[in-house]
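In the two assemblies presented below, chain A is common to both, partnered first by chain B and then by chain C.
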Partner chain A sequence: MTIDFGNPNRPNSYIGRTVPRPNAPRLVQGRGRYVDDITLPRMLHLAFVRSPWGHAKITAIDTTEAAACDGVRAIFTGQDLLPHCTPWVAVLAHLKGLKSAPQHALALDRTCWVGEPVVAVVADSRAEAEAAAALVNIDYDELPVVTQIRTALDPETPVIHPDLGDNLAFRREHVQGDVEAAFASAHKVISASFKTGRHTGVTLEPRGCLADWNPAEGKLTVWQGTQAPHMIQTVLATHLGLEESRVRVICDDVGGSFGIKVHVYPDEVATAAIAKVLGRPVKFIADRLESFISDIHARDHEIDGRIAVDENGKILAFDIDDWTGIGPYSVYPRTSAIEGNQVVNLCGGPYDFANYRARTSVVLQNKAPTCQYRAVGHPIATAVTEGLVDLAAEALNMDPAEIRRRNFFRDDAYPATSPANMRFEGLSHQATMDKLLEMMDYEALRRDQAAAREKGIWRGIGLASFIELTNPSPFMYGIGGARISAQDGATVRMDPDGSVVVLSGVTEQGQGTEAMLSQVVAEGVGVRPDQVRVITGDTQVTPYGGGTWASRGAGIGGEAALQAALALKGAILEVAGAMLQCAPESLSINDGQIVDLESGAGRMPLSELGRVVYFRGDTLPKGLPRELVQTRHFITMEYPFAFTNGAQASYVEVDRETGFVKLLKHWCVEDCGRVINPQLVDEQIRGGIVQGLGGALYEECLYDEHGQMLNGSMADYLVPMAVEMPDMQIAHVETPTAESLLGAKGAGEAGTAGAPAAVMNAINDAIRPSGGRILQMPMTPERILRAMGTLSD
Partner chain B sequence: MKPTLAGYARASTIAEATAWLAEADGDAKVIAGGQSLMAAINMGLGGDTRLIDINGIEALKGIRLEGDRLVIGALTRHAELGRHPLIAEHAPLLTRAVPLIAHEAIRTRGTIGGSLSHADPAAELPACVLALDALIRISGPGGEREVAADDFFEDVYVTDLAQDEIVTAISLPLAAAKEAQLIRELSRRAGDFALAGIALVRRPSGHRVAFFGTGPRPMLGRSVMAALDAGDLAAALAAVPEDIDPQSDPHASAAYRRHLASVLLRRCLEDLAA
Partner chain C sequence: MSDLFQTETQIRLMVNGQKVKARVRVGQHLTDFLRQELGLTGSHAGCEHGVCGACTLRVNGEITRGCLMLAAQADGAEVETIEGLTERGVIADLQQAFVHRNALQCGFCTPGMLATAADLLARGGVPGREVIRDHLSGNYCRCTGYEAIIDAVETVARARAEALK
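Up next is the complex of A and B:
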């Protein structure tokens, strides 16, 4: 079956249109249902005592005073929980050499970061649990702390986990071509060192879970705000000693995830284990303060990079040495080596060049663990690549747009394989850049910049092209042994009234999955989107799936839903043909009506077909299939990942006296293949840009030399706010993937991938007359002023 | 975290509030707008604290002229300050300061008495009353007294208030004809506490300049003021570092705050010249 996407006037043409989000009124009216909205009979609350030390031996735990507090029902130490919950080691077989230490739900005899859960206090209310937690007496012996990345492997640096031998969790080097020869023969070689700031996701709704063990059924039910319910099901079953079928994970509304909620957290596993021990429902909701020290952090990288170019600006080679600190443990089960690995995979991504060397060194440290956060590794790789390209352009006295044009993979060169061995099915760097420059009126902007410069106003233009990895196959996690599904499924059924229900394995985090599914299914079946009800986030109900991560919801989950919808349409038409005494092929469904395919004339409402199938099935021919429930699954087969591409531009003004940056405007042209819902995609990109600008300009988890986080509150950790954000103009080039009928690739991370590089290049363009440059994020006003040489003491 | 509190009582008179404060012997906090206090309590810093709510005390409300003084009741909300015609006429510095204070919701609840009593060294209003040469009216079980703003602010979150006293009002001289009142600040995001700020008043009797965010308390720029009174702008700019005492913290280094304070003074002087 095909869909004539080129014809916007085709019947039921919901794919490609801005369709209202079905869940928006519910969320706006406060009728959402988040974990903390759920109250069960006999429910208890959990509060954790967390390590105040970056690295310390636990010598004694005295819970006497806490246990005597009002409302306290139980207290668990790591030793108490040990018989009920096995530890985990977060490694993947395909990340060769990756090592990590066993991690327990509660620290056993040693804590390795400030915020690690040590003791769990269960009480009738959260307030009582917290009050008692404050009275748990724990004796610690402080141990030496590892906080620096570059010295983590030095012989004099203490080894955090002696059994591992050293602090190197993972190292990978990829070499393609003859890098040294390319550098030796180059017209220009430019070297630069970059830093990206450790930051975190700051979801509006903090992490939380509610676990209920029913001994009569031998079944654990867990309500959790998560991106991957089936993954959580597997993990809890494994470590609590249950069969997977005895664990049900329900994920209702989620208030933002950004990768924060796709990982396994010790406090959440402890909650489930404690609920099982106590036989009572137990709820844990992270508060904002503990979120800052227990949610995963990300992007703690220091990178040395080199680029070699010839006299025409042709890129001859990139040489990248990436170092990242991931905290004391690789995070389960996706591991904390992925981000560094992505840097190796993605540097130089948009460009057709021959010689490439990239190495990542992933080291352990006594800070909060880091793991995958929106656009994993992309903002780092893009900042390094595009920063180096701009430096090369400057060295050649070439326009930044021109050097990019001279090096892009040509739009007609696909399929292509990058020097990092990434396989591209079809990208559009040239068309994307052309559209970007046209949209921003690049030449006029350069004139405005020059005119402002005359008046002593420093403005700068920054460009950044990028590639983005979406729609992952099992090559991302599955081949490494993790039970993280790359396929996804959808069940679509028609009910007697002619309405349609879709059950999907991908999940809604507030980003619009439900809208996407409703319009894909509406078009596939031939009903209005408001006739489609969407059910996600319940391992007992939906088809098995991976959930929402790596920009896979629309591309994988959407295709499964489309195929299931088309199958349902076929099943409906088979019944309709029997009822109307005509060939099913001569019929179709428009707007909830069976119609003649040729004339479009209405023949019968779906509700009539539903009435007959469900209540007067006796009137249909014996043996006629009447399966108005259809399930389909989808997995990508041809490519490990569906790469997308895009280009962003930033226009900024830097206050020469204060270093303050004013974001004048931001542009993004993005190619995510088929755009299913233009408004949703544009808002995803805008939100992603804001998140990227946050990391570029504001957000940083600051630690002192003792491993204490210095700014773990909303007063001190600066998230980007609306007032400072620029106007953003978004446009698209569409290169659908041929792997699916839908043709959609991912769109959720593109904004974040490119924004930091664009704004970094813009700031450096603005401050060029100072002779300084800033390659450290976040680019705070003070750092900018120091880069300019205005402030030196 | 969940707030922990030892008690709550709502006072209906100043005498009642101060008597309760005396009785609590340091274990009570006055709550008015609660915009700093509740955040602290929600971070678990309440402990055994009792709250004495003064929102019902009529005597603390209102903005009025008393002879040649403008008197602002301690319970005056920032938003009210920002839109009140008497303030705009007689203390326009405050009108200009209000939009710089945090966000709409905070301005709607936060009070001037609370801001001064809390004495955050980076807050706008303490620096404004210092620049305006205000008198702070204080009540306690022993009676009433007035303290000059110069003497009221002592250290980070520390004022001249005894633990059984409350601020009842702020008394200001009226702005003279052609008096200039300016405020400038630099904050990372709109509504954040300033990295550095300056409130400047030029009146017939001389200049008053208060810096905020650049020391343990809002700091009067005495050397800067003397230089400005002498008409020596260059000396005023050069004197900034000796008048302030910034510390390094995660938001900015002391050197950067010093630099910003100088930039802000120069910009204010440009504003005055314009």
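Up next is the complex of A and C:
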């Protein structure tokens, strides 16, 4: 079956159109159902006592006073929970050498970061649990802490987990070509050191879950704001000693995820274990202060990079040495080595060059664990790559757009394999950059910049091209032994009234999954999107799937839904053919009606077909298939990942007195393959850009030498506000993947991947007259003034 | 808690036009009271220290952080939440504009954002984009990047101004 995507006037042409989100009217009326909105009979509440030390031995825990408080029903230490919940070690077999230590739901005898849960207090209300938690007395002996990345492997640095031998969790080096020879023969070699600030997702809805163990059924039901319900099901079953079939995970509305809610957190596992012990529903909702020290952090990297170019600006080699600190444990079950691994995979990504060396060193430290956050590794790799390319352009006195043009993989060069061994099915760097420069009117902007500089106003233009990994195959996690599904399923059924229901394994985090599914199914079956009800986020109900991560929802889940919808259409037409005494091939479905394929003339509403199938099946021929429900699963087979590409530009003004950056405008041209819903894709990109700008300009988890987080509140940790953000112009080039009929690749992370590099290059372009440059994020006013030489103390 | 201190108090207030009488813990903030005691879960607790704006609602007609006000302080007050604003239909155009422009993604900030935007719109006229951005800067959104929200508010301001002509 094919769809004539080139014809916007085809019947039921919902793929490619902006259709409204079915869940949005509910949310604007305050009728969302987030975890904390759910109340169950006899429900108890949890509060955790968390480690105040970066690294300490627990010598005594006294819960007497806390246990006497009003409303307190139980208190659990790590030892109390040990018989009910097994520890985990987050490694993956394909990340060779990755090591981590066993991690428990509650710390046993030692705490390894400020914020690690140590004691759980269960009470009738959260307020009572918190009041009692404050009265739990824990004696600690402070242990030496590891906070610095570069010295983590020095012999004099303490080893956080002595059983591991050292603080090196993972190291990988990839070499392609003759890097040393390329540098030796280069016209120019530019070296630079970059830092990206450790930051975190700050989902506006904090993490949380509500666990209910029903001993009569032997069944655990968990409501959780998560991106991967089936993964949580597996993990809870494994560590609570249950069969997977005895665990049901339900995910209703989720108040933002961005990768934060795709991991397994000790406090959430503890909540489920405690619910099982008590036989009562137990709710845990993190408050904002504990979110800052218990949500995963990300992007704590220091990178030394070199680029070699010839006199024409041709890139000869990249040499990248990446160091990252991941906290004391690799995070379960996706591991904390992926981000560094991505830096190795992605540096130099847009460019056709021959010689590449990249190494990542992933070290342990006594800070909050880091793991995958939106656009995992991409912002780092893109900042380093595009920063080095800009420095090379400067050294060659070449326009930044020109040096990129001279080095891109050509748009007709695909399929291609990068020096990092990434396989590209089809990208569009040249077309994307051309479109970007035209959209922003690059030449006019350069004239504006020059005119401003005449007046002493420092403005700068920054460009950044990038690749983005989407639609992952089992090569991402499954191959390493993790029960994380890369395939996804959809069931589509027609009900008696002719309406359609789709049940999907991908989840809604606010990005518009439900709208995407409704329009794909509407087109596939031949009904209106408002005739499609979407059900996601329930492991007992939906087909098995991976959920939302690595920009896979539309590309994987959407294709499964499309195939199931087309199968349902076939099943409907077979029944229709029997009812109308004609060949099913001569019929089609349009706008909820059976129609003649040739003339489009209406023959029968779907509700009539539904009436006969469900209530007068006796009138249909014996043996006629009448399953108006079809399930299909989809997995990519040809490529490990569907790479996308894009280019962004930033125009900024730097205040020479204060170092403040004003974002004048931002542009992005992105190629995510087939665009299913233009508005939703654009808004994913805008939101992603702003999240990238946050990490580039404001967001940083600051720690002192004792491993104390210094700015763990919403007042101290800066996130982008409306007044600081620019308007953003978005456009697309569409290179559909041939792996699926739908042709969609992912779009959710592209904004975040490229924005930091674009704004970094723009700021450096602005402050060029000072002779300084800034390669450390976030690029705070102070750091910019230091880069300019205005501040030097 | 020591018996020397009063730990509970009785309050009477109007919530979404209806009389409410309740006995509350003196330490309970207004958002927790509305959510836990009255089931008005449209107000969201995002930070509980007055920064993110997710709990923004109306108290005596003024937009207020529900997390920075104790329920006890609302004694005698008129409180209006997203549920009340919806039922009265006074922000129906704004809600529709948010849906049409996809000015929300996860929806967690949205009730507070709507209350703050409605406050600006109630002043009349067509505020410039910078004014809208400034007014909404006490309401954090992590999903949208704000532009769609600014667009939606601007659209409603124009439509309302047009309707008055």
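To be clear about the criterion, the second predicted complex is superposed on the first by the 793 of 793 C-alpha atoms of A that agree within 3 Å, B and C clash if a C-alpha of one lies under 4 Å from a C-alpha of the other, contacts with A are read in each partner's own complex, and residues count from 1 in each chain.
Definition applied: a residue touches a chain if its C-beta (ideal position, glycine included) is under 8 Å from a C-beta of that chain, and two chains touch if they have at least 3 such contacts.
These numbers come from a predicted model, not from an experiment.
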Which superposed partner A:D793 touches (first chain B, second chain C, both, neither): first
Which superposed partner A:A127 touches (first chain B, second chain C, both, neither): both
Which of chain B and chain C A:Q679 touches, first, second, both or neither: second
Partner touching more residues of chain A, whether chain B or chain C: C
A:E180 touches, of chain B and chain C: first, second, both or neither? neither
Which of chain B and chain C A:S713 touches, first, second, both or neither: both
Which of chain B and chain C A:E638 touches, first, second, both or neither: neither
Chain B versus chain C as contact partner of A:D287, first or second or both or neither: both
Which superposed partner A:Q691 touches (first chain B, second chain C, both, neither): second
Touched partner set for A:M721, first chain B, second chain C, both or neither: both
Shared chain A contacts, counted only where both chain B and chain C touch the same residue: 127, 131, 287, 289, 713, 715, 720-721, 723-724
Complex contacts: residues of chain A adjacent to chain B: 126-127, 130-131, 134, 287, 289, 657-658, 660, 698, 702, 710-711, 713, 715-716, 718, 720-721, 723-724, 780-782, 785, 790-791, 793
Chain A contact footprint on chain B (complex, rising order): 1-2, 4, 39, 43-44, 186, 188-192, 195, 250-253, 255-256, 259-260, 263
Chain A residues within the chain C interface of the complex: 20-21, 23-34, 36-37, 70, 125, 127, 131, 201-206, 253-258, 287-289, 509-512, 679-680, 683, 686-691, 713-715, 719-725, 727-728, 751
Residues of chain C touching chain A in the complex: 1, 25, 27-28, 32, 35-36, 40-52, 54, 81-83, 86, 95, 98-100, 102, 104-111, 114, 129-130, 132-134, 136-137, 139-150
